[in-house]
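Next come two complexes built around chain A: one with chain B, the other with chain C.
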Partner chain A sequence: MDKEKKLKIGFYEFSGCAGDLLTIIHNEDYLLKVWNSAEIISFRLATSKRDEKANLDIAFVEGSITAEEQIEELRKIREKSRILIALGTCASFGGLQSMYSHLGDFSSRFNSIYPHKFTILKPIESKPLESYVKVDYFIPGCPIDFKLFLFNFTRLLRNLPVELPSYPVCIECKWQENNCLLLKKIPCLGPLTRAGCQARCPTHNLPCVGCFGPYEDLNLPSWLKTLQENNIPFKELEKKIRMFFGVKVKEILSKLKNKK
Partner chain B sequence: MKKIKVDLVSRIEGHGNIYIELSNNKLKNIRFEVFEGPRLFETLVLEKTPEEVLNIVCRICAICNVSHRYSAIRALEKIGNIKVPKEITLLRDLAHYGEMLESHSLHLFFLSLPDFLGFPDAVSMAEKFPELVQIGLKIKKFGNSLMEKILGRIMHGENMIIGGFGRYLTLEELSNIKKEAEKLLPEAIKAWEITHDLHYTTFGEESMLFVCLKPPTDEYGFWGDEVLISNGEEYPVEKFYSFIEEKILPYSSAKHSYYQNRPYMVGALARMSLLGERLHNASAEAFKKSYSLSWIRNPLYNNLAQAIEIIFSLEKVISTTEELLKGLSSLKETSLTYQKFNGKAVGSVEAPRGTLFHYYEFKNKKCVKANLIIPTAQNYASIEQHLKTCVCNIIKKFGTKEEEMIKEAEKIIRAYDPCISCSCHIVKTS
Partner chain C sequence: MKAYKLKKEYLKEYLKSLEDFGEVWGPIKKGEIDVYEKITDYSLLNLNALRPILPLKKFLIPPKFNTFFYTKDGKYENALKEVKRKIVFGVHPCEIHALLTLDRLYKERYPDYYYLTHRKSTWIIALSCVPDDKCFARSLNTHFVEEGFDLGFTDLEDYYLVWVGSSEGDDLLRHRLDLFDEKITSKDLNRYIEWRKWRDNQYQLNLDLTAMPDIMELSYDLEIWNEIGERCLSCGTCSMICPTCTCFNIADHLGIDDEPGRRERFWDSCMLKIFALVAGGHNFREKRVDRVKLWYTHKLKAFITEFGKPACVGCGRCIANCPVNINVAEITKILKGEEVKK
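Up next, the complex of A and B:
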């Protein structure tokens, strides 16, 4: 590809474990191809070279927003980017650290851990990118699945929109020919969670923890019936839903309550 | 008064600045400021079951997620009084060696060596040193594949659980791992030779206190229930954990740890200096050739210590798979139920960048208290001490040459292999 025609791309990170950007770095066979297929404007984890002023075609942003200063930084990235993509579950839904965002008691939780005054940052309740700026696409996962990233990265290079699996983990689980864990009375979040991970946990005889976030088009009545039939208390699953579904929890729980 | 600031040091995990203040050509103040947004992990695990705690704590850090999970499991199995067969421990160790290989090769070849060879990143370094970058990529890939095969995913794989594993890899996969490690060993030795021949500047030299875990046998290793200190002292982990003093600083979202008012260092350099005599075969030869008294003064040698630990980890992958090929088929898929889960314990392993402590308290199968002490938080005070010495020595030699100061300061910070996300997300609950 001609250098002038290469898309300008930036990778950024807010609060998270860096697992999504690392997933890209860790795919040795493709790393150099990804690197050379675009003009990398910023990727602080990988290179000292960066250009803060250049406009971007695509910004990939990992992590949730947990400090006021990050809001400003995120807005700056948004302003200079044609397309902004939330990379990973933290950026998409708020991640683990948004587990208690519905309680609204951030300052007391914060003070229980950091009793001293913070002078370098103004910490706030963890929220996903979408709470502050327009997000064009989401690529969820904790961490993201590299194949799903690469598929969408090449689509974006050809100016095509991001496409995610439009089905829950259960479908991938069936493709792996696993026995259903719910039928063994093990609380599994597969039916509620977006596919994309190849049903890794159920394939290891472990329940899905929901780390790809919610799949929005759920068959709730059927799911609730399965829980009832297998004596799995709804409350047990509610706590698990809160772990990764972030700011989407409220919406899902209210849907569930209506159906019950 | 002159102020120098490096915003967002690159090629390190997380967000950190260097701040230098000079007055009359003398160093007045130097800080390594870290400002990661808080994630409040200690509150996230409260009220959770032991299994849910594991789902959460591995996600503190993508680079050392196995160490977090392994430390937590070691604490939780103490609380639940759960004993596992030898083969389970071997398989966990195998995944842990995978993490060492992944983390050390990421740090050494991609984050640190570009400093020594004068490049902004590994991709540009590859033009002049293609072989070195290729070796780095191969070792990193192998480390990741170990974690993927054993734990189900290259990071945050859930397969390592209390009591064992949800599923075991096949004997064929195991023997492929062994073959691959045998193939990589000569390349790791080559990478160590290159790292051995690098020029290690001496600006930051200053006597150091090292801390690491004492392996239960007389071998080199990455976990234990006792702590070794380079002043000759030894303590059970619970005791040492209670001795760690944590100081709060206004410019850092992570605390700084001290032992008897002294900064101390954890990580590959500490382990090599305290346990290097226990090595065998190729890693022992490398250690004998590389080790010198400068190691106990100069943190830059952490890079070389990591290169030797890469050789050690590959050797251990070979011997561990040999043992597992005999015992693996005896293992059954774990499904554990327990009536009671009460008590408190510290679980500890060596993460790639140093000793990691996980403390939990459980009542009726629910977590009521958690505290984690992270390697990088333990290293901050030591990092700042060496930064100070380094800048003072540069002023003595070159005057206040800004470029030189920044270059050497960044080199020291990177040599410690800091993991800032880890260090900031965890602080002691008062």
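Up next, the complex of A and C:
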């Protein structure tokens, strides 16, 4: 590895809380190791030294796209990168900021919150990176889990594909020896959500809110049924799914309608 | 098997003294459930615990552990060299039956280094139990146990009858022989016989599983399975908490910078879609219902063909933990066309 050329890597951010890149920075024990193992071309949160012209092996991009100017910027990153990775739930699915995207026209919603003229950027509906460019891999999480990031970072350095847990939060929840919150009819999104967080919330007796995005084999009808049978209205459950599942909600709910 | 008596008031003192041999573990309350934990405060020991959420397998093949480390220069280092001895108190007969099943798999059929290493260091003190409405061990004849423990405690109200099940158990008992009474009277014998009769009749859940292999076969393509398949959340909880489920997956965590890489082994579940996905993209059990069928076929039919008995021990964990009420009792009732309470 040492003799090989180090991969050129860039970290970029769009709309979000920067929590994913901060997760990398806050793991001080590993920060230097991350730095030593690749050639970091751009990482605005960590260094002012950057080269915006260089081609990249891997671009890690966090945040969703919420302004027209960002589309261009994202396309530029895509063009110069061999591999582009959506880092975190905003970049992967649209994030919290796309929670209400089903509620009619964007500009009227925007103007109700920002009634004064907004001139910094041209705002648009929040969408994940995939809506504009080809995304090679997703590493979801709000924020990402550092261990899961590191697992995949080291894989990428050796040209191996990203691998995510292909199971729901419930698996990790049982490893932590928690009593299932659904048994108490608490609307926990565990069975609908991809694992990777070590079941952090249920371990603290709080229901999963789905921040890692949907688990690919989720069974929404059965989840809804078991909670609706206990008088939790559909609207309330739908709202919970909308919080983090972003653009995936449409797809998930359309399957539900087909069923009915 | 020699038997002794231990007055109940000596129990905690006795268990504490076993710390001379290693860590003492037992069921402790965690909210509404019980978990096996290392005991530091003996007043927390829950003697009425029926089914700690994760069974004994968590000691023998932990949910997630490193198997070995490796470095860039091609060197390997075993990650499991020594395990601290654990004395697990409060293990019920059904769980010991599950342990004997795991032994057949990982000690006899496919000797597994990690299992063997943990197994050697895990000593078992069995404890008799009184079933609740989820226990159905009697239906599987796993409600009593004659082997698979080092010491066995039978609760006879004011004292325990203590059976010595192995030479290690004998060492444990002799460590504080002063607390035990060697003299067994005919009164004790009668009490024991009476207790067995009484306890046998405490099972509220009785399932007739005798024809299940045939019924599984005959029902395999029937419509009744579909409703069960639609209900299953594919959350994998059943496999995690079942004392005889032992499937696992492995992942290589590559090292970063100067750190060694490590190979991790973690519990897997046939209830997950990816489980039967093979190279080329074919999935043998793409549909949820096929996965549920496989789980129950394996527990109640295939295992009998292979090992002469079902892989279910009647512990009731699936009944207590499945969020959508799919469990051995429910499946048996549905397949046999009996009334199902929902």
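Keep this in mind: the second predicted complex is superposed on the first by the 236 of 260 C-alpha atoms of A that agree within 3 Å, B and C clash if a C-alpha of one lies under 4 Å from a C-alpha of the other, contacts with A are read in each partner's own complex, and residues count from 1 in each chain.
Rule of thumb we're sticking to: contacts are C-beta pairs under 8 Å (C-beta built on N, C-alpha and C of every residue); 3 or more make two chains touch, one makes a residue touch a chain.
Quick caveat, the model's predicted, so the values are computed rather than measured.
K.L.:
Quick check on the chain A-based superposition: chain B and chain C, clash or fit?
P.N.:
Pair status: fit.
K.L.:
Return first, second, both or neither, reflecting whether A:I65 touches chain B, chain C, both chains, or no partner chain.
P.N.:
It touches chain B, and chain C stays clear.
K.L.:
Output check: A:R78 vs chain B and chain C. Expected answer is one of first, second, both, neither. What do you get?
P.N.:
Neither partner.
K.L.:
According to the contact criterion defined above, which of chain B and chain C contacts more residues of chain A?
P.N.:
B
K.L.:
Give one of first, second, both or neither to describe whether A:E177 is in contact with chain B, with chain C, with both, or with none.
P.N.:
Only chain C; A:E177 stays clear of chain B.
K.L.:
Given the touch rule stated above, what does A:F151 touch, chain B (first), chain C (second), both, or neither?
P.N.:
In the superposition, A:F151 touches chain C alone.
K.L.:
For A:G16 in the superposed arrangement: first (chain B), second (chain C), both or neither?
P.N.:
A:G16 sits against chain B, while chain C stays out of touch.
K.L.:
Rounding in steps of 10 degrees, give the angle chain B-chain A-chain C taken between C-alpha centres.
P.N.:
110
K.L.:
With both complexes superposed on chain A, which partner does A:Y167 reach: first (chain B), second (chain C), both or neither?
P.N.:
Second partner only, chain C.
K.L.:
Kindly classify A:N205 by the partners it touches after superposition: chain B alone (first), chain C alone (second), both, or neither?
P.N.:
After superposing on A, A:N205 lies in contact with both chain B and chain C.
K.L.:
When the two structures are overlaid on chain A, which partner does A:K6 contact: first (chain B), second (chain C), both, or neither?
P.N.:
neither
K.L.:
Please provide the least distance in Å between a C-alpha atom of chain B and a C-alpha atom of chain C in the combined superposition.
P.N.:
Between chain B and chain C, the shortest C-alpha distance works out to 9 Å.
K.L.:
Could you give the residue numbers on chain A that contact chain B in one complex and chain C in the other?
P.N.:
In chain A, residues 32, 205 are touched by chain B and also by chain C.
K.L.:
Under the touch definition given earlier, write down the residues of chain B that touch chain A in their complex.
P.N.:
Contact set of chain B toward chain A: 8, 10-11, 13-14, 33, 35-44, 47-48, 52, 55-56, 59-63, 65, 102, 106, 110, 114, 120-123, 126, 137-138, 140-141, 144, 152-159, 161, 165-167, 248, 250-253, 333, 335, 421, 427, 429-430.
K.L.:
Give every residue of chain A touching chain C within the complex, in rising order.
P.N.:
Checking each residue of chain A against chain C gives 1, 30, 32-34, 36-37, 150-151, 153-155, 157-158, 160, 163, 166-168, 170-171, 174-175, 177-180, 182-183, 190-191, 205, 216-219, 221-223, 225-226.
K.L.:
What residues of chain C sit close enough to touch chain A in their complex?
P.N.:
On the chain C side, the touching residues are 30-33, 35, 53-54, 63-64, 72, 230-237, 240-241, 251, 253-259, 261, 267, 269, 272-274, 288, 321, 323-324.
K.L.:
Write out the stretch or stretches of chain A touching chain B in their complex.
P.N.:
14-19, 22-23, 25-26, 28-29, 31-32, 35, 44-50, 63-67, 69-70, 96-97, 99-100, 109-110, 112-121, 123, 126, 142-143, 197, 200-201, 203-206, 209, 211, 239-240, 243
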